[in-house]
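Below you'll find a set of structures to go through.
Both of the next two complexes hold subunit A, though its partner changes from subunit B to subunit C.
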Partner chain A sequence: MKKTALYALLLLVITLILPLFLSSYGIFLTTEIYIMAVFAMSLGLIMGYAGLVSLGHAAFFGIGAYTVAILGDYVGNTYVLLICAILLSALIAFISGYFFIRVSQFYFLMITLAFGQLLYALIWQLKPITGGADGRSVSPVLNFGWGNLLDPVHIYYVTAVLFVLVYFILRLFVHSPLGQTIKGVMENESRMKMLGYNADAYKLVAYTFSGAVAGVAGAIYAYYNVFVSPELVAWLFSGQVLVMVIVGGMGTLLGPAVGAGFFVLLQNYMSTYTERWMLIMGIIFIFFVIVGRGGLIHLVMAIWERIKPGHKRSAKKEINQSESGGIT
Partner chain B sequence: MSLSLAAAQILTGLTFGMLYFLIAVGLSIILGVMNVVNLAHGSMFVLGAYMAYSFIGTGLNFWTALILSLIISGVIGAIIERVLLTRAYGKPLEQALLTFGLAFVMADVMKWIWGTSLYRINTPTLFNFSIDLGTVSFPAYRLFIVVVGIIIAIILWYMESKTRIGAIVRAGVDDREMVSALGINVRAVFTGVFVFGAVIAALGGVLGGPVLGMYPGLDFSVLVTSLIVVVIGGLGSWKGSFVAAIMVGLIETIGNIWFPALSMFLIFLVMILVLMIKPSGLFGRGEIT
Partner chain C sequence: MSLLTVKGVSKSFGKLEILKQVDLDVQPEERHVIIGPNGAGKTTLFNCITGVLPIDAGQVVMDGHDLTSLPPYQRAKHGLSRTFQKNNLFLELTVEKNVALAVLSRKGYRHNMFRPLESYSDVFEEAHQLLDEWGLLDRKDLLVNQLSYGEQRLLEILLALALKPRLLLLDEPTSGMSPAETQQTIQFIRRLPRSVALLVVEHDMDVVFAIADRITVLHHGQVFASGTPEEVKGNAQVTEIYFGGGALKDA
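Here is the complex of A and B:
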């Protein structure tokens, strides 16, 4: 516990002082990484801890973002908008999850993909409200009660706090009896059913929670980007976040966040050299699916254990987790 | 709406239905037999059309281009199965993710080769006329697609119920382990099924070329529609794909007239309904794990 607190403090200090060393572009990029990390962690939660692989998770990100964009025309209060974004994405996750979770893993994959595309089509066609294919600007400004936050550094801090907060909430969730039960359902569903647990209900809780977290990420993204477009719910975006989770390391909490960082940095670096970004991403993805089971976080942990003298229990635990949570 | 207009709309719906059938049937059988969701199936559809377009561009006629495109698609299918999927047999989720990565790669390669503009294969001259339906006329080529779809369905029916290959495939859908225990070379069956799916999808792509055209993003929109067809129709049987594809084609076309904004929504609603009432699909054979 003491160690966890220490890590938390270290993480906080790093995020706090980071802007001092970064260029304005670096701050912009790091902000995006935090947002994508929250999004990726939300998908990582259902993939790694509930065994639900979704190909349409961008739907909830998009719902969060469009809620802020559309409702923001009428309401300025940041708290109200964020709560609406969370509630709406959670509600839609709950309703859709109610229908989707009862089917097998393959059907789930296919149906979530179709659901994302459905939402994409809806946003295209509801042009008067959503701006259609052109997207629309986001008018509200972040304001938590102490003035408008417009400076990129301020938004950086908001996303940094969000990232750390979401990480610890997810950590609490995963280690709670509820989270442990959900993991139990993933690892051996028939046994948990035999023990009297309603497996589908537990999965639905995880799915709804994950949808809400993705919704927050989307809502903050709308503030950060001041523009939303249908691309936010498209399959490509759902695919990208899936790549982040797999490349980062499924079955751990921080893995997807690491994947998000890797992905955003690589994308920005690569796009200055080549237009073939999707090709490179696809190949990296295939590589990690075939070879790198634990993902990047496994690699980092292994190196960390080499460098760090003495026996590191917590690191080892994380590795074991990532191994046991590998895709089967 | 006059009767002839209604007939034209129904024929249009059937045309799209047949194209969806051609792509969904491969997807359904691959999923049923191999337990692989091939998320690159839409890419095979579009790739087939692009290749035929380029062959026609070199001066070949439509039919030669069609055949060449099908052969190359079959070879590509075999390579995908032998090189990529074979690395993850027994791990169905990883295979699905592999095909997803492949869809990314193929989408970008196609963008690389053919750019982002919209192409359309010219209607073959043999069918480049219209049939008079009273007040409206209907392109003969679309009728040709409907006929081809029906012929393919009949061939599949024959193969499924009357031939040894069909028996093996049916057995594979019902109990994969038992088939291999009976001494049938499952590896060869897998490759065969995957190649078959790739070729049929490419056939749909080329035939759809004059109707749908080719553009980036078509791969996934076709994939999503055919996934819905598979979910509605059920796994592993051509019958399910056939009926569900026609249903989806008709709902889409007719929905487009009355509720243009909601046709996708209608299809989705039908899928949810089917899942609620009969989770294994209308004609579902095997339970997938």
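Here is the complex of A and C:
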């Protein structure tokens, strides 16, 4: 518990002082990383803790973003818009999940992909409301009650707070009885049913929760980008966040966030040198799938274990730690 | 009144009739063993009782409650618990966590989402108590796949027992065990509190006669005979058709 508080403090201090050292482009980029990290953590939650691999998760990100964009024409209050974005993405995750979670593995992947594309087509078609293929601008401005937040540094802090908040909420969630039960369902569904757990209901809770988190990431993204387009729900984006989760490290909470940071940085810096940056991302992805199953976060942890001053942990302790979710 | 009543249960896979009009009951505190050759439908019957497989016809009633159309997790809430023929455990979790997940199933706070499971000491106390009672407490921090096969088999029973069931279904509890482990398991089963009724599928005749109050012989998906161990032993037809003659006399 003491260690958690220490980490929390460290994380908070880093995020607070980071803008002092960053260029304005750096701040812009870090803001995007925080948003993508929240999105990746939402997918990481269902992939690593509920065993649900979705190829349509951008749908919920897009619902969040479009809710702010469309409803923002009529309502200005940030709280109302954010709550609407969360509720709507959660509701649609709940309804779609109700049907989707009944199918397993490969079929789940395909049906979520189809769902995402369905939404993509819908946004494309509803041009008067959504702006169609051209996308549309976002008119509301972030305002939590102490003035309009227009400065990139302000938006940086909003996303930083969101990231830290979501991380700790997810952390609480995965360690709670409910979260542990969901993980149990992932580990062994047939046994959990025999132990009196309604496996489908638990998966649906995880899926809905994950959809809501993706929705809030999308909502903040709409404010940050001041523009939304159908690409936000397209399968390419869903695929990208899947890559973030896998490269970052599935089965942990921070892994997907690390993957998101890695992805955004690579995308921005490599694309200044070559248009074929996806090729490099592809090679890295293949490397992590074949060789480094645990992803970047485990690589980072392994290096940290070596350079860390002081005590060394025994192998046995490490097994227990990773089991109880020590690296999250 | 009987604890479990299975009335006219039939189950087919395509044209293959696995169970034909099976009638079976388990009395409170009874230890009822089902025997029968491979393919007699024993495991299918278990799956039909626990709701893993839907039945084509018939009824499963537990203590006056009709369970026939209930999903497995709701049957568990009526006091029905089972083990699996092949170990069906949480291999990636510690022994302690395995039992804790089973204990948690009975707790009212199992849906709490903002407090760590570790902070609910009563779950772990109960899990430790159970592990201690059955001699696995010193293994609590190991992962399940670090246990010996016999220990895993025992944990399989412990998980089912942690639900505090009124009826425990054991699917071949000694399958794949060494003779020594089998002897140990017989002792374990005999030690189970009488308040838990048992319905057991078992091949090993030593085990069957060591634990059974009543034996039902299943043959080609039908109840062929049912009675006390002595009656079944003395049934010439059972000996003739099922045991191939003579086998029972040695047992």
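We take it that the second predicted complex is superposed on the first by the 309 of 328 C-alpha atoms of A that agree within 3 Å, B and C clash if a C-alpha of one lies under 4 Å from a C-alpha of the other, contacts with A are read in each partner's own complex, and residues count from 1 in each chain.
Quick note on the criterion: a contact is a pair of C-beta atoms (placed from the backbone, for glycine too) under 8 Å apart; a residue touches a chain by one contact, two chains touch by 3 or more.
Quick caveat, the model's predicted, so the values are computed rather than measured.
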What is the contact status of A:178 with respect to subunit B (first) and subunit C (second): first, second, both, or neither?
second
Return first, second, both or neither, reflecting whether A:194 touches subunit B, subunit C, both chains, or no partner chain.
second
Among the partners subunit B and subunit C, which is in contact with a greater number of residues of subunit A?
B
Now for A:99: first (subunit B), second (subunit C), both, or neither, which partner does it touch?
first
Go through subunit A and flag every residue that touches subunit B in one model and subunit C in the other.
none
Going by the contact rule set out above, which residues of subunit B touch subunit A in the complex?
31, 35, 37, 39, 84, 87-88, 91-94, 96-98, 100-105, 107-109, 111-112, 220-221, 223-224, 227-228, 230-231, 260-261, 264-265, 268, 271-272, 275-276, 279, 287-289
The answer for subunit A against subunit B in the complex is residues 53, 55, 99, 102-107, 109-111, 113-115, 117-118, 121-122, 125-126, 235, 239, 242-243, 246, 276-279, 281-283, 285-286, 289-290, 327-328
Across the complex, what residues on subunit A touch subunit C?
172-173, 175-181, 184, 187-188, 190-199, 319-320, 323-324
Subunit C residues touching subunit A in their complex are 50, 52, 71-74, 76-77, 81-82, 84, 88-94, 97, 101-102, 104-107, 109-118, 120, 141, 143, 159-160, 163
